[in-house]
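Please go over the structures that come below.
Okay, so subunit A shows up in both of these, paired with subunit B first and subunit C after.
Here is the complex of A and B:
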């Protein structure tokens, strides 16, 4: 009842605001018709070609550099939460989880969505994932705009494009002209310094670059306390801190274990038909609890329990028109990524090596890959009515991983390395897309991509879409698409003391059909879309039954017979979902007053044999959205912007793992952000930005620590109040007169 | 003289919708000399913005004549010119007037001047590839009553009256006011406040 009421309200609000906006009729010379055209979004991600978002074969959000600055956006996850349609993030105080339309796979390293930076796929093959928080190391001042295309996108991009494809497009030198330095402080928590430049190096060559350094310490969270009780190995209370007492108490003030450090740099060089992108970053982080998806906790508040990712990539693109009909793009790329995890455990039961010194668990994974993509566009009649896109992408990759246990005091190795992966893979993909505009009011788009590897069966990902415009300023889109995610090497090849290596793991699949109605009213735009999706063969950890355990043990496939809690990755899960998306956005008073509203309501269910019945996926809200409004007073006065994000009540991670009589849920969350920005008159080029965030709920949808039968779940804390202030100095400007 | 001129009547009554703004520009981010705004969208913007030129109606007369320049042996220039002709043909009216579009392969400023004198164009559109010739074209057109439009943003600071750029995924209009005065283009304030202005 409550759900249907909220669904109705969401739609009603959007419709009411839309009806309140007066349509602009005719050429009244007020500028509104021109402003409406200039407010069109031009996107390139949905079909790998420049087109208006109205014409794109997908529902997309375009977040502009101006919006990012206006609303104090500092990272990708903030941009998604405050500005995007249909996508939502969750923060477990470590790697950000991202979901869309009622589906989120907690702890998936972001491998169900594809992150592109200037068209370069960032997702790495070891975990299949990418970072979406500060760890993404995106230099936000250098971002021109971010395109978010919701729905399956494997037709052009291959693996991982299941939820959404996010393409971060950086500025040209002209838009980033001069030199820029900034310092942004989140009071008592973090500091970011950055320096960048946009330089025109001759008529055909421009260079943009930015170096960033971000450091976060805190806030201090109060965790637990939880009673871990007696350690069955030592026979006394569990030791939960390095050098701590055997009191069996885990938790307290976590003042040393919530930090992050991200140095990063990005360079983009464009010269004639060439474009080169180079990116490098490291991401070191620690969180006051171990893992959002498992009950195994290491030492509490240990600063040495951390993860470190290092990545670097390069991409060289050459585009040329061979004739007025044929365009050829060739792209060479290479990436390197490695990840280390350091984890100290002082509890005797977690370190059974004959002494009482703590164990340091150290896992290392790395991947390297390089490839070439060749793409050709045939604009058959040189007027874009019939365009064929064909492309092929081939990459060679290598992955290596291992896990070690060391004496935390002496660093001596306590056992031979385990979980060793040392493999190579060849992945090839070929795609074709046909766009046909038989009439001014109709655009048809159809295509398919086939991906094959020596590791899994070939996968075909089709998409058909039609855009129909039978009335003024209105468009109806109908889209059917499929996508897949290849199993990551971590899922396919890992083998530990509690994990049996997977058998013949295959790709996850999703099918989706959606319809969307877009109507413009002058400078206002309303989108209403409905969707239905089916997720199959989702990879999940399966806990072995007794019979399976016996079978694997007899076959010698269980590494350690000491542990009876054995699991294996399998294609066992599925999710069905449907719902709707609403967007309303626009501007008044020639761009001074801007507003936007995005809302999504979904009804998704996954069968769960362990829990005994179907339930909504963990962590992801079924109703969520954001709203924003800003006013530019100009004339030296501040620009004031207010953004809000809402997430409905949602089940916590681990809610359905059988440990709770009543699955724990996180309360509905409302986040507010007020941002004020503007120039500082005392020095030309100097500007400020200050923002304050407040989150109403103090708990997130993640269970922390151990689960004790009958005890309520302890949910991860939320950093409720944040305030930041930043100064930026821009030296050199463009030549135009500012009006 | 190797230039060629082709004439074609526009098709009246076609639906002027934005739906057709499909892939027409190179799908790269492009340097400053690339055409970044989809051609269909440029055509829509041209049709809208000339309404705000106080002198346009007098200049165009009963029928808007548009000349689209391309460069020989330049594939992108040829493609963009063809695309623009097709896109403008799909626009029902330009400033409430029927319109004709003609393609012209540019050779030199003098030939262009002679053609303009003979044909009385209201709008000249330049596709990519003209950067080295912009100065000559600007000087040649300074004595004409017409609107020069560049598909490449870089043309405007060099003296083309109106141009297009793409910033943050949104189209921008650029205008060179000094050159606009020379060519008797007089945009209303309602339009100018939406433009990036060069002088």
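Here is the complex of A and C:
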């Protein structure tokens, strides 16, 4: 934990949060209390102002740069799994799924949670999502801390902040001074090289930047084999590989189709009241188990089956104090995102165009948006006891998409473009938040936001919260919040050979009530919280019944009869859940020994007419958590850290789609990571970090390949053992030369 | 409509692979000529499941009322030569006995392909309606031995 950062932040906000962190009246602050304060997490995301996590209107985790390095964290999903409370990820060997408190929507592109980088929302409107694995393209060495706020957060952030808001805060030059280069190798699997700098350009101007290049190849997985049988169109065995035999056999060694490539860069420039952030990245990836019958379409082990995302954004923020009472922040932002998806299908049933040449499917999508957010803070008595936050955010966006199918050999187009989207949208939001500290032991927070668009009905997202500190070093929080997710353009406007365009999709809604008790014991902190949540109007793919199919066909709404399996996005699903969260963390031996424990138990159920009864959501565990311990030997000796993550048994994706009499489940998973890091004495500024990962279970919660009635499910493999080693060189400037 | 290379796209210059995607829709004029197939590519009964099924056909030809039957849908199909061809072809190839409607459709697609049919032709809609009917009304007769 970087104490200098903590101290400066705490000093700045000491008045603001005094009532929440101050002991009860009449009690002296002891040394251990001060230590507890220094060990306090500082967050800015929950209420858009700096405050301790104790005072924030929500349960939150703050993961510091030192924790990220100490535990060998290389991506956002690893930080979530090993360090955060209440949130968990799942890895289908492609785009990471993220869930919280027993709720996860697989394949949702991460659109049920909001990802911010320095306060800039990264979620894009075509799919509504963001990346949380390597594809997030966040230069980890440049990260100052990551805030994870659990619970509905639309009150200040609008759409997608349904169960979590994650805010990645990058370093300023004083925390990233000098030049930095590193090379980190995951033995036999990946390599990442990076170069960054933190430069003080003047008294009030500093610049931080980092460029990253990540490349992953493998590991090689052995998949299946599965019998796909006879292709109903060709009448002979299904062809599952490009140039393969019609033997109806799918699987084998996937040696060419599991890779990823991520070049990325981030720049942060601060000058006086201005701050500018620029980010650009591309993300190319492929999954090792593509199949005609799986969510990842395409021939098996074909290296040309891949997705490529490109994104770039910029954000200019100006903050000024108009008076001792009024602070004004204006933010201009612009983003561009596009996505391409390529895959070939050699199976005749997936390419019915009158010949037997494979098809090359090619989908394009693009979204661009620009907007302005104006926010004012009124600190009425200049002592933070009564603070009003008002803001408005308006954005104009455009989306485009199309899908094509070509002859994979001649590249001649086989049909006219489909799934054509070319539209614009105006989205406006306005919010107000009032915090009031009527007594030292009580903080009240209430607010609401309204979001409206020309595409869906206006949505109001309220939140009320109270923090009560009636006893020494203890706080009780009570929070009620609502949030929403607007339908993505992909859900609202897509129309493909297997997808009928949606009718009047509306926003998903979630309501949540939670209570949390936080108690500090010197340098140790215990949090116990309970929650109850109701999810309504969740958007899900509905498979058309025969009667619906005939009706849509007669109405001319089915674009192609080449595939009878037609679906349509509808507001049809709901989830109810309750459970509890526990955190215990602290330090011993003047900060050398640190430990932490996070656990969540949830009981969530969603009705399922197709399956016939309610069940837990797929993929996400109902019981999960993480634990960590580290010891800093100092004096040139290594820092040793052990982190673990546990996920209970959980239903696999596609478990309830009707193919299995007994829904398949993934075994409980325990992941362990041992990390050793420290300086290399031979050269000042040179340091190393080595880690080894082991996953006990060898299968993940994703059914791969074909689902056959009565046959056991084949689950996606897990990369069980990983070892990585990295070297970093920091060329530090002396303070006087950097100014 | 938005421009592919708006000012915002300047930010992409920071990316390693910036550039503009072409969203111009491709239009392919359908070739209505009949696709001549090699016999070896025709649907077959190689899986041992797809066979013409007289009891199934009898059910399909039966009146809708009192049922079970799909005589109305069959008559509508008969009204267009293409639909009748598709149905006869599908029946001969055992497509009517497939347990899932989607399998029947997939099985019959080559029959439609031979005619160069498009999705919205009346013949295809009639064939679909007939397929829906016999999967609902004649499931016992057509899929009884599956």
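The rule is simple: the second predicted complex is superposed on the first by the 690 of 739 C-alpha atoms of A that agree within 3 Å, B and C clash if a C-alpha of one lies under 4 Å from a C-alpha of the other, contacts with A are read in each partner's own complex, and residues count from 1 in each chain.
By our rule, a contact is a pair of C-beta atoms (placed from the backbone, for glycine too) under 8 Å apart; a residue touches a chain by one contact, two chains touch by 3 or more.
Predicted, not measured: the structure shown is a model, and the values here were computed from it.
Contact with subunit B, but none with subunit C, is seen for A:50 once the two complexes are overlaid on the shared chain.
Using the contact criterion defined above for the overlaid structures, shared-chain residue A:169 touches subunit B, although it does not reach subunit C. By the touch criterion stated above, A:265 is placed in contact with subunit C alone, subunit B being left untouched. By the touch criterion defined above, A:415 lies against subunit C but remains apart from subunit B after alignment on the C-alpha atoms of chain A.
Applying the stated contact rule after C-alpha superposition, one finds that A:613 touches neither subunit B nor subunit C. With the contact threshold set out at the top, not one residue of subunit A is in contact with subunit B in one structure and with subunit C in the other.
Against subunit B, the residues of subunit A that register as touching in their complex are 27, 29-31, 33-35, 37-44, 47-52, 54-55, 62, 64-66, 118, 144-145, 147, 169-170, 172-175, 200, 203-206, 270-272, 275, 317, 319, 321-325, 327, 329, 377, 379, 382-385, 387, 435, 437, 440-443, 467, 469, 472-473, 475, 590, 735-737, 739. Across the interface of their complex, subunit A is touched by residues 1-2, 4, 6-9, 11-18, 21-23, 25-28, 35, 37, 41-44, 46-47, 98, 101-107, 109-110, 112-113, 119-120, 124-125, 128-129, 132, 135-136 of subunit C.
Those residues of subunit A that touch subunit C in the complex are listed here as 229-230, 232-236, 263, 265, 267, 278-282, 310-314, 334-336, 338, 340, 349, 352-356, 364, 366, 368, 370, 398, 400-402, 404, 413-417, 420, 422, 424, 546-547, 549-550, 553-554, 556, 558-565. Residues 14-33, 36-41, 44-45, 48-49, 51-52, 75-76, 78-79, 82-83, 86-87, 90, 96, 131, 153, 157, 165-174, 177, 188, 190-199 of subunit B are the ones touching subunit A in the complex.
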